[in-house]
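Below is one structure; the comments refer to it alone.
Labels for the chains are A, B, C, D and E, by order of writing; each one numbers its residues from 1.
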């Protein structure tokens, strides 16, 4: 240890070596805790869940709390000075930490809630749903664990069990549970956004024969999203002098929060859903619709004419495109006969030919219409007129910088995820793999690894997320390929092309369902044709890309410049 | 004249947010004055276009220039011609070779200097290479103006090779001062011609790729076809030259029509604007933005043709005629125009018997081409203004000089 | 003192806290000290959302800038949507968000921006106007509340079972309310044409 | 068409307008009196033999010794050739007009050749020649409140402009003259 | 704070109604008046749905509220169109100045 001087007492001076050592220690600690947690969790799975609440607490809850704490300390150490130089390592830690935190929290929470539910269920009389009810007492919890078949009223318990009971007690309240789940969703959205930022930059780089970010985080600059976010948070907080201050400050959150709320009803799988609402789809659509307000107000409050133009364009474009988007959504709703996202997803479990997009020609077309409309509703290129930087210098977010700007972008990427997720949910088989789920039925009820295999092969949140990211890739791909459309063309495409088209599709689907027997030859033929067409589209895209990749031209010889990655 | 307030330092009345909008300036209620520039992504420098808009419709667009005025002509009156060549680099800085070329030709004409054969070929090679480089920038930035981000990276990738060649020849990558009075400053480095040939083999198929990526892209065509149409009469009347003139259907190129240097020895076509149909996308009109853009794409092919002929025919020999540094200019004047990537660059050089010219006047093609903006940008949509200005392809260094 | 010692002390304190924990965590179930937390979720949510709606509504009255008013209206609409959820009118809540907040309000803000010259301009009421307005408003509120309070609403207080509303609403719209439903579509058509004509007629 | 022929055509159409037409120079130009310039310009543009439709350049030269500013209009006549052949150059001509340095003015030809609009503004800005009937005669390159006309030979650089120091490197305020 | 009854909703509805009415009366900005109208309609909707829930009216209250929402949207569209016209002629949306009784 180096000796402390008076200077250090007043203002601790960290030498780079000291700081590096500290960070290494905390990283190590975090890593050990995470690994330990994982091992413990696996043990728990193997040895049965009801084994010991003490182990549950010690193995899951405490480590995740400690891991978060360690990460926070690392953050505090690194952030206090020279953030730029350490950004790389910091971003690495944060990224791993947040990912692990989210997964651990979600998983731990589900175990914890399940346990508490079982305790509640074990009580002789049911409890009303209250938020502060406190009907379940710690004594009851202790009794639940201490109870033996011989003596159901036994109260002899080690002190540690009381401690555990004290920890478990709050989780009987819905509000607390929802808070935890909201945190999980928030974490997921943040990670998705920062990942999408990095991904977008990488894809853009590749499309433009560049490498994209390569530095932050080591391998292919994969922590660039976090680094961008941190940079933005550090930037000066600017509100234009003549802007409408409160509205200006509020606007980004009006964009972000509705989108975040939309995750409330978005199912990642049949069990991974916060609330499988009866009107889930309409609610998601409505929440996507109201983030327009935030964008408009942002443009208005900036007191900038270009922002104003952006706001006007947003108002015109997003409100218009909501209509074809909503009507395209009505087709799968009609086919499924419900607005409940979970029910629609569950319909499509029988292999990829049962995915709704392939069930009738009208649904197939509606999937395309929906995708285009969702591009417009997310203000993504080629529909990025509200922020068109070659015309409006940034549109509604011209005057925004730093954290608020970051919030806009988090909102944008989250909205992209939601619309792509809706497309996957309604048209592309939701959380099911292309294999029929019935093939894996024997696995579904098996041991933990069998269940994991089932989730990987047949149906699980991984499939939903993967498919959504695939669509997200198409969003990114289009953005870096296509020029921007003009506002009159945007409105023309909406009002005179897509709107009549969706209406006709709706009528067509109606008659299809009325007239075509679901098991008849027509329906089967249409199913096959649509499936083949979908496969052909995917194959065409992949094939074109592959052909281009294989036939790329490089300039060889003395003129070839190494710092330019080929074409 | 001094009564008018300076537009740089005073702002217009805040017509959007002040209540008294229907003031004496006769703005209608929906109209709004809005400054596009001088800091704006798609004005290609420090151009300010004052737009009077009615919603998304532009009622009037008035370009305000001069933000990059550096008194090049005044400087020219105080330097000897060879000293002025670096100043010409900084006019159209995307086509510095061409500027050097035209100015050198003007002075050579005044002095009656003959350029050696090899120097003439090198000059043509450099001018055409720089034409390709300049058109590449025009292509890429036009993509940017249209919201297609990727084209510019491709364009700059190819331009990088050209700049490498230039760097090999003269050591500079932007402002070359390579072509000088009486020839060029240095002979070509070794293997330059081979590398040039390699580049041409690599580059020519790339133009097809650009066409697939951008020129025939449906959205791109929709954005540019029939937008900003300039008739041939208007183009000539406003003094448009270069691709802007040719896009209006005027098959006019100084290199062919009034050949200078050794351009009469080469075989090449003059691409002009064509209406839609027969390989040209539907909806395209002669003189519209798409044609202005596409003429440049075709000119790159023609430049490649010229370059190949140069490679085949370039002789050995001297690269610079003997011109004394302190040569006295005769008491005469000369006006000479050459075909630059952006149009006809003209120099009026007036000598008075001293080594320093009495007057140097530069006629920048961008200056004249830009003057038609307010005529064309009337009753177009806001998004068309970048499309039109981008298709005119201005370099503010030359507009403002 | 080593780290493990410190940790053990913390653990001991925690255990002690757990043992001597608050009475509401240990006590028997039922009425008693736990009363103050015996609030139903619905009540809490009602007071939250209703309070938000009320604050926003009052904000609408008091705000002098139109944009702020629109913002307050947005808050009120959102809060009312939440109240619909509490009232088991799920579909209505979603529709409120889509049509009201996402559509009507956007139209209103659009109008504010297009008439932008006077949007930033404030309309300050005179003190007398303010006083009169406040008096009238309070009187009206008092009257309404008294009227509501005079009636005994307790009968039939048993809330209807929260049946799925989408089915029922759909059926009702196509049976009982078929005529109004169809009429409203005619109305919307007329409004579309009329609004387009009205908005376009002033242009030369 | 040679410059001599152009000069003689102008001379026959406006015998009193032509001042001189020196041809033994690299830049032969017809001298025209300022007052008749507009008519001559219309003649140059509209006469079927001439049809000078392209105003290539307008240059102002400060002949300080002679007390006048010389304006040189470079014109060209573009003729269509039809069926895909390049257009031809019918004729190239220059017109030279001298105006007094102080308060000199001449008619604007911005309506004859719209290209002249900006060229005339530039000459007005940099040399201080005013053009009668110009639609929008403002400074174009210099700021609107600039004092003086920089391309005049007796121009003195301002010491400062809005706080920006304006002398040349060695404190000279006029580098040559 | 006991359980929530119909009374609570009715009082809230009354409050919203009063605020809306006051907004309509106090504001001179046409759009402000429109906002007041929207508040009043919302108050009515709250009452309708609450009655439907607590008085056993079932789905009827919601159906009526649905129609109110649709009508409000239609009304807002027409109103804004009228205001735009008004504004174009008078360059103001101050309704007190719209007393010309001519186009």
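Remarks
Going forward, a residue touches a chain if its C-beta (ideal position, glycine included) is under 8 Å from a C-beta of that chain, and two chains touch if they have at least 3 such contacts.
Please read these numbers as outputs of a predicted model, since none were measured by experiment.
For chain D, the chain whose average C-alpha position is most distant is C. The innermost chain, defined by the distance from its C-alpha mean to the mean of all protein C-alpha atoms, is A. Of all chain pairs in this entry, the one linked by the most C-beta contacts is C-E.
We define each chain's centre as the mean of its Cα atoms; on that basis chain B and chain E are separated by 60 Å. Centre-to-centre, using mean CA coordinates, chain A is 28 Å away from chain C. Taking each chain's centre as the average of its CA atoms, chain D and chain E sit 69 Å apart. Centre-to-centre spacing of chain A and chain B amounts to 48 Å, using the average Cα coordinate of each chain.
Counting partner chains per residue, chain A shows two or more touched chains at residues 308, 312. In chain C, 39-40, 91, 95-96, 103, 107, 110, 112, 114, 116-118, 165 are the positions where the chain touches two or more neighbouring chains simultaneously.
Those residues of chain C that touch chain E in the shared complex are 39-40, 42-43, 46-47, 50, 53-54, 57-58, 60-61, 66, 69-70, 73, 76-77, 80, 83-84, 86-89, 91-92, 95-96, 99-100, 103-104, 107-108, 110-112, 114-115, 117-119, 123, 125, 129-130, 133, 136-137, 140-141, 144-145, 148-149, 153-154, 156-157, 159-160, 165, 168-169, 171-173, 176-177, 180, 184, 187-188, 191-192, 194-196, 198-199, 201-203.
Note for the complex: chain B touches chain D at residues 1-2, 4-9, 65-66, 69, 71, 73-74, 77-78, 109-110, 233-234, 236-239, 250-253, 256-258, 270, 332-335, 337, 344, 346, 348, 350, 356, 358-359, 361, 363, 367-368, 370-372, 375, 400-401. Residue ranges on chain A touching chain C, taken from their complex, read 128-135, 137-139, 159-160, 162-163, 165-166, 169, 174-175, 244, 246-247, 250, 254, 277-279, 282-283, 285-287, 289-290, 292-293, 296-297, 300-301, 308, 311-312, 315-316, 319, 322, 326, 339. The residues of chain B lying in touch with chain A in their complex are 16-17, 32, 34, 40-42, 55-56, 143-150, 153-154, 157, 160-161, 164-165, 191, 195, 198-199, 202, 205-206, 209, 213-214, 217, 219-220, 222-223, 381-386. Residues of chain D touching chain B in their complex: 25-27, 53-57, 59-62, 72, 74, 78, 80-81, 84-89, 94, 113-115, 117-119, 122, 126, 138-145, 147, 150-151, 162, 175-176.
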